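Per-chain numbering from 1; labels A, B, C and D assigned in written order.
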Amino acid sequence: MDTTPLPAPALQVAHWLNTPTPLTLASLRGRVVVLHAFQMLCPGCVAHGLPQAQRLHQLFPPEQLAVVGLHTVFEHHAVMGGVAALRAFVHEYRLSFPIGIDQPDGLDGVPLSMQALRLRGTPSLVVLDRYGRVRLHHFGAIDDLRLGALLGQLVGEALPPADGVPVASGCDDRGCPLPSATTA
Amino acid sequence: MDTTPLPAPALQVAHWLNTPTPLTLASLRGRVVVLHAFQMLCPGCVAHGLPQAQRLHQLFPPEQLAVVGLHTVFEHHAVMGGVAALRAFVHEYRLSFPIGIDQPDGLDGVPLSMQALRLRGTPSLVVLDRYGRVRLHHFGAIDDLRLGALLGQLVGEALPPADGVPVASGCDDRGCPLPSATTA
Amino acid sequence: MDTTPLPAPALQVAHWLNTPTPLTLASLRGRVVVLHAFQMLCPGCVAHGLPQAQRLHQLFPPEQLAVVGLHTVFEHHAVMGGVAALRAFVHEYRLSFPIGIDQPDGLDGVPLSMQALRLRGTPSLVVLDRYGRVRLHHFGAIDDLRLGALLGQLVGEALPPADGVPVASGCDDRGCPLPSATTA
Amino acid sequence: MDTTPLPAPALQVAHWLNTPTPLTLASLRGRVVVLHAFQMLCPGCVAHGLPQAQRLHQLFPPEQLAVVGLHTVFEHHAVMGGVAALRAFVHEYRLSFPIGIDQPDGLDGVPLSMQALRLRGTPSLVVLDRYGRVRLHHFGAIDDLRLGALLGQLVGEALPPADGVPVASGCDDRGCPLPSATTA
């Protein structure tokens, strides 16, 4: 079985909060990335996932690690889908990391980044190394000690060379096609 | 200084959830009542107040104590004021006690029950004894042990006589005028 | 089945800490009593039971409720049985309520009060009402809200008359024979 | 100021628990080492430090990281200093990592390893990298996420060569000379 880490698909985001310009995973290459997928009415996200993401954002230097939230609304679209609701939520919970609203698929179902990332629900955590490769794909709460250990290890890994593209096919600003074989 | 407990003003509710018929404080006379005022985007309510209210609802026999939620939206009206948003929230957080949406005042400010109860914010707790008199008026989180002790004491107090109205002027189905001097 | 509350047996204590004079349950008549049985090497006692007992001691006025600790060593006697070890423990954990060392039975087994109270282990909680009758007999951790509610109720119950002895024969320093049926 | 990491002094231990043979820091070279100094009557150790140490012991593969407890009794010697008391404690709290009893100094004061490590009290954490150099020296509780990140980073660092003694000429880019006293 091939367990080579694979590149993450590009994010498809309808609107960004807490960032002056839209983010792409390609532009974060060279840093470890923690993607935290949540819904504002998901109790496990509010109680565990989002506070953990905020603490990560405060703990690591920004040049080492980027925390990116992803509001992946797949239920209660009518009451959760809007920018205004999320903005109020982000304000009240004092979240300061960039958060993207996952692009709806037009059919009120699972939004596009959530589909591409093959998330099973919320909260979900996808951790990318400095090369943009998926190194953790986790559904549900995850222990601080275990997550910290993984991130410390990834932050300590060698930086990719400025001119190199070590991952074949790769993810760039134009997109990032999912290969047929995926990571676990 | 007169510290005689005063009757609570009548609730003014736009819509009820988790109850087949609208509630009135008068109809709850004879039971201890815990009024829990909250907003769905209030972190302290979500983390502490609402779980405590739900546990109270499960701990005490319904003939002894009634837990009543009050969604007192005084900010972010556009995204929190609707029935659909609150219904989704109540579903996701598995709240099973009756919850009323406090009647907006038409000016997008402090809703009417919140004004009448003179609440300072959310979460707030107003505890009424079996006579409908205010025995606790609390803003912020309150310790389980302290709240439990008060409720145990109030539940143990003698029931009002079926035909008696021990509180002068009193609260009935038509309303409950606030006296000029209020409780602390 | 007769569920009439029964009087508690008298305590048999080898040494007292945090009190200038030895306590008896008889001398506490008129107050609600929380007996907390623990061992200093019992993780559940240290994590839950003792902090709860200390908070009870601080929450309730002393004329209403007395918290009494009982060090019921039934294992590791050689290292836990001494006064000096318990005194150091009580100092480090800043416990300020009276604590008695349960009288060893001479055979290094279950100490005498623990036997008389029929405790199943530690932590255990025995709650007596103002008449000295057992109203709760609990092994393991107990929820703050539930315990608070019981204590609030018991504190609110009518005081026994100063000259009355509502419990036949009663509990005094010489002992406390369990009656077959007590007057509730 | 020179902030070059220095090698840790050798442990001076009177008695070991949870290990068939005495440990030395030298024998752990090649692995990251977490030294957790505690006292069994130290509330912060029991509530935070020891559970964290136990979770570390379970989380990391033993060939990557070694957790070593150090019972550094500097008060209440009479009741805490013995092997039997610590053994009962370790049994009740289900601690499974190796624990050494720090060598008393004969004057009932600060024990020898604690002096050599310059610890300020308990709980204290000293983290050594694979070369045996001190990379964290912490007094008090430390956050799981922060500790995990450091350990993940250290575990990911290159192993010292099997035949080399990279510590021999100083802990900077040019080397890291061991003091004569530390050949454990």
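Everything that follows uses one rule, which is that contacts are C-beta pairs under 8 Å (C-beta built on N, C-alpha and C of every residue); 3 or more make two chains touch, one makes a residue touch a chain.
Just so it is clear, the model here is predicted, and its values are computed rather than measured.
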Common contacts of subunit B and subunit D?
A, C
So which chain is farthest from subunit C, going by the mean of the CA atoms in each chain?
A
Whole-Å gap separating subunit A and subunit D, where each centre is the average of the chain's CA atoms:
36
Rounded to the nearest Å, the gap between Cα centres of subunit A and subunit B is 40
What whole-Å value do you get for the distance between subunit A and subunit C if each is reduced to the mean of its CA atoms?
54
Would you please write down the residue numbers of subunit D that are in contact with two or more other chains?
none
Determine the shape of the graph in which chains are vertices and touching pairs are edges (line, ring, star, complete, other).
ring
Per the touch rule above, enumerate the chain pairs that touch, sorted by label.
A-B, A-D, B-C, C-D
Listed in rising order, the residues of subunit D that touch subunit C in the complex are 41-43, 46-47, 75-76, 78-80, 82, 84-85, 88-89, 92-93
Contacting residues of subunit D [partner subunit A, same complex]:
52, 55-56, 59-60, 143-157
